[in-house]
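Take a look at this one; I'll ask things after.
When the chains are written out, they are named A, B, C and D in that same order, and each has its own residue count from 1.
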């Protein structure tokens, strides 16, 4: 594909994800971690306007002087921003306004791409990967918005959850030794993957399959959410304070487990891998099994020997810089480094991850209590 | 007008107020006291469905079984409800759904009204007065939603604020004596007005005009927001904690006061009566002037001798039951009585009050810190 | 008694109330409304130092330059103060330090009183009445501190609760008419009592006895705390949020009601008047009985015809200024006026009220949710 | 020393640390992380009563049935506990009561130790190391209690801060290779040190000296607290929300830096190592220098080649289990494992660490925003 084609392929995918929504669905923000879909549509566009067009497109005129304020996410270097909890309070710009904004920026981008040098192409590649990350967030946020509405509306027929399947159970052994970890620096990568380095990894066995709903129901039935010995202290506080008794989107109705998915509220499929669980829950489940979660290094070592890509897999590794990590200068340097405290690494990819966006060196990360993303459990023993 | 015509006149007014909105404007709830416009549209309809059609219309079929949960406001007797802070998180039912709901209920109501007895007509009259109250809230909430958007969008050309004018200054004297206060029980009234009773009122003088923006600017310039001696202790805490420095919607730009109104951000009109002030501010302003606010009894005594209706006028009276007050049985008994603690009475009416909705015995009430309504100050000396 | 003797009588009473305490009891502040006893001891002394000695005693040297900051309560005019929630975090000054402070100020006061004019004597009278108010608060706060300790320690043998007794039930009728309400301005009074004025009061009947524990147990048993129809909306929120199921200090142990008192945890005495209830509870109880609470005017009208003084009696009157109320100039003007919003009036006195401190025009006031004071219910029908 | 002598040596050290306190100082809890000194005295005693005497001492009678509830810290397996924020609200048991409790348990322990087997001796060793940890916390908490009192009282003459000195600056190089990390399992160790394992460590240089106050003043002067590029996102939120502008206990008075220490408020000693800084601050300082913090593995590798023991040194390592880590069964298994999320490792020891309590494999840990402990910065380049 040409740069133009690649650009439009990603941009149109974003809009396709939203095509099943009602206008009202674009606006709301039920919790702070969820952003309104219209904000994602604007923010990914703002990224190209701010970091590409403003810098590289001659005589570029901003679409609207107020959008910089509305659509900046967390780039402190790029100026004031609407604080995150306010996003769901903004009815304007309207959805139509934002689609006009997308058209406007797309046109300017296509023009720029006609004669773009490698510096621009690199930035555009970053921008497209950034937009793919927001595509995944759009899936999460849409599910949250619809799944927390008391009417439990379905998203529609065409959705990703139909691809969610388990693997055959089994165990793969990995030998002890010094391994090279991290990205080799070819092709696209994020700054947090770089700094390929040696890590000594001990012998271990890892499961070929993710933990299933069936196994997780057993955990619940055996009192897993009531036995503090299985939990981190902070995890136990979270369970008690939030009244957690099951994964997100699970509802016990007349003794039967139901689950909200993009098709609406349905009976739980016991054979599917368990999803929408927090790190606290993944850890407690592993403790209950007498096993543990893999480190991100162990995961990378066996990544060519197990199938992955259904759900992001919690690792026991905290999200920390690799040796030699350094932030890029300027606003883009804020991309990853400043989040490297109090988060856990997840490896792999999920059914919501854009095609071509995943790598075995990819380091995803979330706070230990979050679970609105497609997260799952792979055990090590 | 026939009952049918009256019914449709009120119902269509509600929709006309919303006709200038974008769909997105119907959805958001920037603070807890503001409700999304689509919620008002649904709730006023739910009122007729629940208290009229469900009881009096033979074989009436509910439009949607889930709406009872979504559109109940605070009637504990009428079942579970979406807690108030959640209203802005609901993208469904959509605006279109709610207009269909209105059509459906309107049809059923018109049919019922064809042969309605006095019990039904009384309930409908209550429902229409209830809807008129929500029309006024719609004006407040729409202003808040647009006026707190960083893009400061205008509402449009046709709006109520163009009617806001001051009166000529002057003073009216009232003699001491025992007066009859409260509604005589003819025509429509709310339960909180009833219980006409004697009150001894001392001699006083009351202003013929509301306090103007010009006078209020002087209060600010003289340090009114920095002198705790003028404020209630709770008012002073509110000023400090919220960083209050001016009425709601006022912005000091380059040394000049601007004000957001339905026409957008404009230069402050000094001759208009000051509006969007809290009870705390009204009290502090009066203290600064060396005067005071009227009691609700004083206000009622002189109500035929001063012009009112521009802004709700804060009184120094707490919202308490009149002698002999008793709640109606059932859910409608929750209408007023249960709010009779920790609120202040406002008297009169405002530019946002529906035609025919005001009376000189009408008792409006708000918490002392609220100011998103059209509230103003009339002084007594 | 001479001024000197009166002064020392009040001052020593304060210390006698504390004499049963351990040093540790003087220090803690379990909730924001409770102050550490050592703070009361210091603050009442600071009052004399700041408003009497600093102004009227020639060459008076402050005991400690830092105490002004530590012992100011809410007098904004008197300078910065330790915010209320911090009082329980201060281990210094020690209890011994504060008793030395009292000795020092007492000496200076006694010397000043030898040749005091009427201006000083008036201030001292205010200071002593102020200290008597803190004596009552000391009783409340000590009970709270000991009664919320998991070991339930007793205060000791000599305490006020032994005086708490009920009256014979009965009803007194009062005729309609215009009555004079408020203090006549002779003897000592607080500024909020002044402004004697005419009030029209309707005919009513009032109970000669306060509501008993026995009646209140019936209210609980009949589901009073679960029926929202009996409650203010804010009261119902309070019941649900705080999980209120009984008066403060009541514990249901094996189906029997026990109550913490100064003697420790004991079986509830059913014949005593119910105490430690909030306005919300008093209102709900009256609603359950099909009766109501008196207004403060009704209370004053019959105050010579019923026995009172066991418990402060909640009235249905909000705490508002009497006609013509004006604040005294300076810091002492902050005494009452600035609290005249969002509080309810209580009339009478309690077993914790100092001898000679009560009058039938006395206006006590508390927020509607508070109940650590000795509050009770008298019904009107 | 005999087991008896060792036991009494540690126990008496705890009391000696408190000997300079006033009784009131034992009671307060100014923030949630600080515990009242009397609670430490009771809790360390409760540890011996619960885990040693109750299990191993024949016919042991508990000192008081309510103390189990009061003095449990976070051992969920050991029953209900006073929630942490309540500790400062408890005036009882008194300080004298608690010293009696200590005497009682000490007597029982000494008797038990006369014929103790290795299982008891192991438990006692754990109990004494536990008490030494609380000795260090006592130093922190006492400093916080006195240093946050508006009167800034001094602790007294005999205190640990006089030992705080810097080292000569310089750099030590460490070669790349696979190193053995963790405790060898001889002598006393905590469970989190165990699991000696291979780690590949790259070449690096580490400073022989901790960062000094002088260097840190330069960081402040150059705008370190205002440049978000230096901070983690969570760190920057913390700086803004808490208004952080300097290390804890620093006060800028008339342009000069003063610091509260056990001797009171004094001029800052520029040559001392900077202390009382959070992980966020340590990270930002290192970023400002263009350097970084060591990993805990790097630290352990060079621990025999640099002097340490003045201040706990923040590492860039998250607190995670070593390979093969498993919790001990029962309540003592809660000692460390359940805290292994969202905390950072500190290595070394501080002037407040008990003699004989430190090891180069010791893993201390705190949340990234805490700084009331003796924490400092050692740089790597």
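The criterion applied here is as follows: contacts are C-beta pairs under 8 Å (C-beta built on N, C-alpha and C of every residue); 3 or more make two chains touch, one makes a residue touch a chain.
For each chain, UniProt lists the protein as follows: A, B, C, D = Sulfatase maturase.
Source: prediction; values computed, not measured.
Undergrad: Count the smallest number of chain-to-chain hops linking subunit B with subunit C, moving only between touching chains.
TA: So the least number of steps between the two chains is 1.
Undergrad: Using the touch definition from the top, what's the fewest steps needed to get from subunit B to subunit D?
TA: 2
Undergrad: Can you check how far apart subunit C and subunit D are, centre to centre, with Cα atoms defining each centre and the answer in Å?
TA: Computed from C-alpha means, the inter-chain centre distance equals 45 Å.
Undergrad: Approximately how many whole Å separate the CA-defined centres of subunit A and subunit D?
TA: 37
Undergrad: If you average the CA atoms of subunit A and of subunit C, how far apart do the two points sit, in angstrom?
TA: 57
Undergrad: For subunit A, jot down the residues that touch at least 2 other chains.
TA: none
Undergrad: Go through the chains and record each pair that touches.
TA: A-B, A-D, B-C, C-D
Undergrad: Provide the residue numbers of subunit D that touch subunit A in the complex, in ascending order.
TA: Residues in contact with subunit A: 74, 76-77, 178, 197-200, 202, 228-229, 231-236, 279-280, 283, 316-318, 320-321, 323, 327, 333-334, 338-342, 344, 368.
Undergrad: Residue numbers of subunit C touching subunit D in their complex, please.
TA: Touch list, subunit C to subunit D: 22-30, 38, 66, 69-70, 82, 86, 88-95, 145-146, 148-151, 153.
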